[in-house]
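The chains carry the letters A, B, C, D, E and F, assigned in the order they are written, with residues numbered from 1 in each.
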């Protein structure tokens, strides 16, 4: 059994990558592997936006990640700099902006620095990027 | 003198397109042309997110569009369906969601249907996409 | 021993072919997403197999696109086998 | 009389060359963004000029990238000339 | 009434471009535009009959091509060269369409007032 | 200490990939990773000395390549074939680097624990 780091750098609507990452993560868990964490970088951070609203017959990937993370206690780590550049703001960012209600990044997604990616890579056996 | 429709379909951080559209629009106005409107579609809607925060030495395109629109009364029209899919929510959307404070699309950007694109195209001499 | 994970269409991205010359016969190639379109082309399949016999394609991505593979030497794998492949090689590059 | 606005790198996107065969000698071509990298290649410049003599490149995009054009037959234009070009042709396709 | 050409250049699962192209075609047609639809380059992969996007939990938006004629969108053009290069035969396609040469495609596009590419 | 290879595959103004690559290199190095940086395909365009991104109001992130050595990032590898294809000479480059053949590049990448491509 191995420990995986999953890195997502593609936006969910501009590539199939974010969905493939979800399926890979789900399958790795089912097959007894551990997930050190999922790190969202570049436009991959877009999936963390709570305001996303898909039409009812379209794939809604956000709740799938949320359910997977909650069920299996997987850290969903979103790079704060990449997220802020793309208008994804955590509660802590919102408090610093003096608009404490205005945020669109919520747990289980966490706003983190790149140091968390390094920790994740150091404690895993293999990383894979989508 | 001519009337232009500008269509933006590329995300500002994934392509130079949104910046090129800004420069084209600005130049067309300077040279005496009219802008029927700018229509943001596909990942082009991302520029309308008020939560975007660039680092101080990075290009901040959002305020540039806002200033250009306010100064010259240019409609900045954002396709509501494309925007909602990407977590860009207008005040009206937020009211309908019973969370009237939680929105990240503000004037001069407007949330509109595709019908507005058709009107814009019908009243302009030339359209150009970025 | 690198697993090269490809995800772009060979018909639209030049990198698809240009990266092949960097692949050795001990490496593996996994076609995913639009890279699976290579399966319907004898020419692309041969280019891939010339570099290494270890060429795989993600079956769900292939079926979803309605692709009919032309060469049986490229093995179709499911997500469980994808996970196994990622561990079999020393590292994975996502091109 | 179409103005074909290209914005992708000829080195990475296959469409750059494949769309050239659809361009007639009355059409215009405007290189913008990463398509301006074609200016540093005699081969790409010749491919473009073979289709039409009306080939233009957006100068700010060229300068920003540090590109040194190899053929003077491709005219460098600024944004004001870009606006004029967009009106000179019947319509514009952004490839 | 102005004419609008919509060009599809990407495969169906590459991005959301296919769905957002359909949205655009149907809405523009219902607002009275004279819409024509083009499938070029990897866009021709959207026309494959055998697609099963449900395997990836994706919506089968290409089924909406069947609705085009109810919106009076009857000009559906496909690039012959793009099909040939991808070994796709006309009997594999999921919608009635006209298969055009490069020259014919250029002529059709030259006639459109406005052109939008989805990629 | 694990090794991390960062691959740049896109031109400097194509997207934000170049800036976010620099962010990643400097942060990972400051957290003690053994970082190596690769420039491949259009990524070699990031190395052109003559760039003037201020003409497009963009930040000149490539200037940060000069900071790599202060973070002990000394392994900067460039694909020879990518340079040749693009008619780029080594004296046009903005950072000290090793120009490698395909075989050498593959060997360097094979040694990395983790690999991230920025594209």
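The rule is simple: contacts are C-beta pairs under 8 Å (C-beta built on N, C-alpha and C of every residue); 3 or more make two chains touch, one makes a residue touch a chain.
Just so it is clear, the structure is predicted and the values come from calculations on it, not from any experiment.
Listed here as common contacts of subunit C and subunit E: A, D. With steps allowed only between chains in touch, the distance from subunit A over to subunit C comes to 1.
At the interface between subunit C and subunit D, two copies of one sequence, more than half of the residue numbers in use are shared by both copies. The highest number of C-beta contact pairs joins the chains A-B. Of all chains, E has its CA centroid at the greatest distance from the CA centroid of subunit F. Of all the chains, the one whose CA centre sits at the greatest distance from that of subunit D is A. If each chain is reduced to the centroid of its CA atoms, subunit B and subunit F end up 33 Å from each other.
In this assembly, the C-alpha centroid of subunit B lies 26 Å from the C-alpha centroid of subunit E.
Shared interface positions of subunit D, i.e. residues touching 2 or more other chains, are given as 11-12, 15, 33-34, 60-61, 91-92, 94. Those residues of subunit B in touch with two or more other chains are numbered 13-16, 58, 81, 85, 127, 129. Each of residues 13-14, 16, 41, 56, 58, 113-115, 117 in subunit F touches at least two other chains.
If each chain is drawn as a node and touching chains are joined, the picture fits none of the line, ring, star or complete shapes.
Inter-chain contacts occur between A-B, A-C, A-E, A-F, B-D, B-E, B-F, C-D, C-E, C-F, D-E, D-F.
Within the complex, the subunit E residues that touch subunit B are 2, 4, 16-17, 20, 23-24, 27-28, 31-33, 113-118. By the touch criterion stated above, subunit C contacts subunit D in their complex at residues 11-15.
Contact residues of subunit F toward subunit B in the complex are 13-16, 19, 56-59. Interface of subunit B with subunit F (complex): residues 13-16, 19, 57-59.
Partner subunit C is touched in their complex by these residues of subunit F: 7, 9, 41, 81-82, 102-103, 105-106, 109-110, 112-115, 117.
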